[in-house]
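Below, chain A partners chain B and then partners chain C, in two separate complexes.
Let's look at the complex of A and B:
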């Protein structure tokens, strides 16, 4: 339990996880479900319970596309994407946690890559 | 009719075709797209964290610049549309973000003392301009080269539609604007379930294998419903669906087909 951290993440997300009724619709609609070790509905329930340790270790934060499908489908007005984003921010705001180094980018980039993908990847992986 | 226009970074580089054909077509339709001066990249993803201000400022500057022209900001890239419209919503409805962004823009001399930006500008997507300013019937009348018999799958992806509470672009589960566009240029729309699913976006930088799955799922679903090609307004979707799928279905920018139908190519 780390209630202080949970409170910070919760505030950063701007969504009320306690409204969740555990229907699972958000995860059912998520295109990255298979790549997530912790699923979108579990982000919501763990934050509501004040448990952040597992979330901060989760690989899911590098897979969420911010596509908002989960938000659109939630019958309770919860934004699971915002919880995932707040966890991701909490991780990369710690010094040394940037996931993408400029010098390793060329190895991934193909000449046809649109700037939009590069810019968004830097925003998602780095502070 | 004149619109201030925000092209965004990708439309000046890898996504040039999206931009060039948009301008050519607009000219033929009597629409004047005037690029705003000194625009900066919107950041490509909307910063969701509640304390984000700095990363929203380029969008606020673009919005304020359009406010000082004609009050309308035309966008084309799905990501720019999504980011700028959501930031505009913050400037209208989030007191904290509004106050801090305005203070910052005043402190840096961008806004004069007494001047404020409060979400006044209307953010308009190119498709909305076609529908509301040109009109489908008028567009249809200007088509000289109808794309008869071509079965086109509209690919919306995520950025044009969601969150629908803010974007109010179209019905997020059953959108129709791209299908109406396809009909107007004389082609046949193919409706398929995955048209509003995300393509895999930035994940293709680090994990291509995962994006191959999302891209192929979309392409296969469109093919199974009879599509000959897909159209999109998003450079990331264009890339992922062309380069991370099996390549069996051509994916084009909607403006290229528009220019073709108008006889400009």
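Let's look at the complex of A and C:
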């Protein structure tokens, strides 16, 4: 149980998982349903329960097409795709993973890059 | 000089936990004019009231302030208490220290100070109160029921049974409403028409009941006990008195393209028609949009064939004006629009239908004579999928936030009837929750599952699409955690219900309140469920909220009981807190009459003495105290300050404001 993480994910997604009435319409509509180990409706339900560990390990987050069909059709104003996106971001941002090392940066730098991009990239990935 | 008593209620711990009641009583006891103050655990209890009565007598009180809950709760109680101790009931003021203080504050010091201020405010007002006497008005012993569905019919029958006259105004050409369209009724599966039409006939034959069909309420004036209502009788182009309902006009009418509303537009009807065989009144009507004679002037076939000579193409809308003591709203419901739900393909596929359309397809008097054939090709559907909660419990903005209540039961009914009549049919039901509270309801639903083998799938449908003539219903099966697709021949949507749209106009005419979903608001959700907050207006059936037939009939009878209670009175006590105009200050400008929502103000020419034997005639405002509801709009609008509201005079309000501001 990781409530803090669940809170962060909820905030990032801007969705209130408690509004979900467990109808499963999101999973009924999802075009990638069969490829997902954790289904869209389960994302919402696990966030509501604060069980984020399973989500962070899930392969589903890399299968979601962000087609937003689940968001469009949800009768309760819940956005499963936004939750998936937030989990994806959380995984990317976890310290020690996927970060950009300062010494590796120069080889990618294009002189045309605005400085701001570099600064924000460091902020985002090099905690 | 007044002698005021202050009574501070603890309301158990409701007030006493947050407000120092002893300190409130002591501090207010020091106020000028106050000769007695006390606190008590429950002021509204028998003992609490006795305390007030004793104090009034022993201390010779001329007015009392009760610091307690909202005046909406117990003002009437304490007025009665005061009256029984010989005080004028309008010498009672309530300081609301529960809803406005203890329930919303946490800090005891802050709450206590505020309670003292509110108490002081009430004292300031009471010092300027004068005893008021309520007048009386008569009651017109006749009721109006707006809407002729099962709710309106039951209410009208019950009122008539008690011996009072009732008029039913129905906007459609016949009474019967939605129930007349249904095939069978749950949970007993008796046919809707078999139980409804005898009641319709009772209405027609009851000499106390007058049915004004194809009519609408146009204007409402007056107040409880004395309403005057103008009713528009829409032109039928047929003389109701002459028409025998033989139906010859229907068979000869060459215009057959009108959509049959009674059959949910599933087939067509002629321009001259009787909605259904058992219609009451059994009188035809001509649809001016479809009638060739009315549109082009050429035709007149029905007129030539009509033996009763009932056809009258020149008929115009006519108006009747009648007086009523009480008005019942029974406007009913309709199926909500599905335009925001294109995932179910309702607009694109003829074989995606609503449950009400299915009722007509299964009804022996319907377009298929009761044989279940799908609309696109008139073949028998072998796989039927039901989808529940279409547009209900939806807070996305596309649907309705409420549960429509009846869908779980009628879907179980449809599924069962289909499996009974056509055992070779596969029936699937997608559900979110199955809600079947009610006598014999859950047993009914379980029968559908256990005896009739209906396949209930926990999950919602994501989309319906057409593939090679099959309707592919894709949804989730949450219990097996799968996404499934069912190739179906017919898809039935349990669409949300919503109040009949005309109720908005009616609520405005009646100055009664309506909620965000267009359901009419009751006076009290639990304790006064069939009365509206506007005196003399009552609610019956679906206009107040979703409900099934048994519940509608119970509510309709409850509503009738309330109406009978009102009509049985010979006199009604009026509210004495009404407007009064000071002739010497009135300039006759007409502003107050313009803002008065009740039409209570008229103008009269009055003769005034100028002195020296001279007189002058001036136009001044005159308030009909029986009509005035004491809203106070006129007092605000009056430019010369001539109009004042008894019990809430400008002086009293200003004294209250000063008391609030004083530190």
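One rule holds for everything that comes next: the second predicted complex is superposed on the first by the 94 of 127 C-alpha atoms of A that agree within 3 Å, B and C clash if a C-alpha of one lies under 4 Å from a C-alpha of the other, contacts with A are read in each partner's own complex, and residues count from 1 in each chain.
Please note the rule applied: contacts are C-beta pairs under 8 Å (C-beta built on N, C-alpha and C of every residue); 3 or more make two chains touch, one makes a residue touch a chain.
Everything numeric in this text was worked out from a predicted model, so none of it was measured.
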**Asked** Thinking of the overlay built on chain A, is A:13 touched by chain B (first), by chain C (second), by both, or by neither?
**Response** first
**Message:** Contact-wise, after the overlay, does A:115 reach chain B, chain C, both or neither (first, second, both, neither)?
**Reply:** first
**Superposed model, chain A: greater residue contact from chain B or chain C** = B
**Request:** Could you say whether A:69 touches chain B, chain C, both of them, or neither, answering first, second, both or neither?
**Result:** both
**Request:** For A:103, decide between first (touching chain B), second (touching chain C), both and neither.
**Result:** neither
**Item:** Common interface positions of chain A, toward chain B and toward chain C
**Value:** 34, 69
**Request:** Quick one: which bits of chain C touch chain A in the complex? Just the residue numbers, please.
**Result:** 343, 389, 393-399, 432-433, 458-463, 474-476, 478, 481, 483
**Asked** Tell me, which parts of chain B touch chain A in their complex?
**Response** 8-10, 13-15, 41, 43-51, 55, 77, 79, 158, 162-164, 172-173, 197-198, 200-207, 210, 213-214, 234-236, 238-239, 243
**Request:** Sort out for me which residues of chain A touch chain C in the complex.
**Result:** 19, 21-30, 33-34, 39, 41, 69, 73-77
**Asked** In their shared complex, at which residues does chain A touch chain B?
**Response** 11-14, 31-32, 34-35, 62-63, 65-69, 71-72, 81-82, 85-86, 89, 100, 105, 108-110, 112-121, 123-125
